[in-house]
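What follows is chain A paired twice: with chain B in the first complex and chain C in the second.
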Partner chain A sequence: MSRALLRSVLELRAPVTRLLPLSIRPTTTTAAAAPAAASVRFFNQTAQHIEPTTQPDPTIVANNASPPDSVRTLLPILAAQPGHYITLLIHGRPYLVTQGDSIRLPFKMPGVEPGDVLRLNRASVLGSRDFTLKGAPHVDERLYECRAVVTGTESEPLRVKIKKKRRCRRKKTVKSKHRYTMLRVSELRIREEAVHES
Partner chain B sequence: MTIRALKQISTGRNGVGAFVLQCKKMDFHYCDWAGSSRGMNGFIKSLLPKFVGSHPQVEFSVSPRPSKHPVIIAQYINGREKAICVRNMEPYEILKKAELLRDASGEQLRKVTKPVQSINESVRGVWSPYHGNGMQV
Partner chain C sequence: MSFFRITLHRSAIGLPKRTRGVLAALGLHRRGQLVFHPVSAQFAGMIMKVKELVIVEEVDRALTKREVHDSRKPDPGFWLETARAVGLQQQQQQFQQQQQEEEVRL
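What follows is the complex of A and B.
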């Protein structure tokens, strides 16, 4: 099925009302799009302008919208529990940490010195003993504050790889000694006031 | 029942409260006669003053070590020390080695498989067969 036809069929299932500028006219229409509702459809529209009329997913928080009911009611209880953990995403890789943990990143971060404070704003899960806030795909960064201190750069021991083929006496030696940046999670705080702000 | 406090040994976690640089002293040894110390001599004259000025928490000492290769020795808070021989290096290469020593903790180099190291107990608790939804057999 062609992409235009598929889109029209999907729009038929969930009809969408859009605010459209009057000067632009559609270039082509397919048979499936013709018997639709009074709204005019284009094939080059981007998804972010569509306001869905279907039931909104409760875990998704739009940029300027207020948090869903489950977040509003349960976040204070999550914050009141004694321990919290967060799954930070650093360059897309997850690290499940609590406050005071040390993280060894699999790379050397350029441009940082020991003592620099990083504010981490990408997390996928924020949890406590009985409650978990799952982001879709990320937790709204206004709901927490997470800071990490760069404690230094560690190195692995020297690794030597010897490359040699059978029945050939020549050996090639490759040395590796990678450096890794170490972080210490100095602060993990859940911001309850963010629920009341929006 | 009387309420008793739980005995807990305080563990320092550098960075959570205040951050303390692990390198406490750096010695720079040079030689006026050896050709391998030319870069070190240039480093001491040109780049060392700025490096020292930007690290007030580290003790620096510069002393000649005649007829030997130039070397940088760093001492750390955990009592260990690391030495890097900087023979035949240019001043900027020596600066990179000095920064390497400043960034390091004094720990021995070891291979670490897991990225996160923690002394906190688990947030969600250890699994028990007697709590939760149980198992259907």
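What follows is the complex of A and C.
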């Protein structure tokens, strides 16, 4: 989506705002960045000495707080785009997936059988072709629904480690065959109604 | 009772035996290890000997090893939503109800 199109969309929704929101921005921006910091204007002749206050603009301020304006205005556009991806955090490890992808976890998940449905609630990034919703540090879990089905267990080929010292004929053999749980991301949906709830 | 919260930030590899002895006395064996000691002149002196290697903070409560481990563990990021878990609970409840009914009859 071109910058001109984005601007026209923004103007339709909020005609007053002239600056691009800082937390959600289109990924195709190659032009110079939006004017930094202040949207404050001074009408004096003398130059003002202002210390630049770089306020971090997280997408999610607090669990109970309402989503910031950029999320409210741009989430519907993000949701309307055809394809989405999400960077899930399973035990802190990131997995960039979209609907229909298979994940091979580096461990065997205890207490699950094939067919069990996991609801994933930790994501660092949620995006589409032109828009990215970056969590700080996580995306609010009310904004999306992501489910994965356990498809089964895979195993690596048998590894044999031979332990032997020099000038000693005795050998010890250690076998390893680790199991790994396979998931398939069955659903990834962006919940636009979450913006209206808060 | 306040405590020193001591974290070994720099490794002791290549450092003299005396410095390594001080770290061993404090209980710091590897980089990033967290240790709690009560505030006193003895421990303050040991910290001063290795102050370049260590990050120190004063806290009210000493955490246990388990608590430190849990604070560093990331959250799983998922939960089991399947009907099987719910079904198992219902089965257990039904079994308990049947047992109670049998007791009443007897």
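As a working rule, the second predicted complex is superposed on the first by the 140 of 198 C-alpha atoms of A that agree within 3 Å, B and C clash if a C-alpha of one lies under 4 Å from a C-alpha of the other, contacts with A are read in each partner's own complex, and residues count from 1 in each chain.
Criterion: a contact is a pair of C-beta atoms (placed from the backbone, for glycine too) under 8 Å apart; a residue touches a chain by one contact, two chains touch by 3 or more.
All values derive from a computational prediction rather than experimental measurement.
Visitor: Applying the touch criterion given at the start, work out whether A:R142 contacts chain B, chain C, both or neither, answering first, second, both or neither.
Guide: neither
Visitor: Regarding the shared-chain residue A:G83, is it in contact with chain B (first), chain C (second), both, or neither?
Guide: First partner only, chain B.
Visitor: According to the stated criteria, A:H91 is in contact with first (chain B), second (chain C), both, or neither; which is it?
Guide: Second partner only.
Visitor: A:P106 in the overlay: touching chain B, chain C, both, or neither? Say first, second, both or neither.
Guide: first
Visitor: Looking at A:T153 after the superposition, I want to know if it touches chain B, chain C, both of them or none. Which is it: first, second, both, neither?
Guide: first
Visitor: Using the superposition on chain A described above, determine whether A:G115 touches chain B (first), chain C (second), both, or neither.
Guide: both
Visitor: Chain A residues in contact: does chain B have more, or chain C?
Guide: The partner that reaches more residues of chain A in the superposed model: B.
Visitor: So which positions on chain A get touched by both chain B and chain C?
Guide: 113, 115, 148
Visitor: So in the complex, which bits of chain A are touching chain B?
Guide: For chain A paired with chain B, touching residues are 83-85, 95-106, 113-115, 127-129, 148-149, 151-158, 182, 184-186.
Visitor: Sort out for me which residues of chain A touch chain C in the complex.
Guide: 88-92, 111-113, 115-122, 147-148
Visitor: Quick check: in the complex, which residue numbers of chain C touch chain A?
Guide: Interface residues on the chain C side: 74-82, 84.
Visitor: Along chain B, where are the residues that touch chain A in the complex?
Guide: Against chain A, the touching part of chain B is residues 13-17, 19, 21-22, 100, 102-105, 107, 109-112, 115-121, 123-125.
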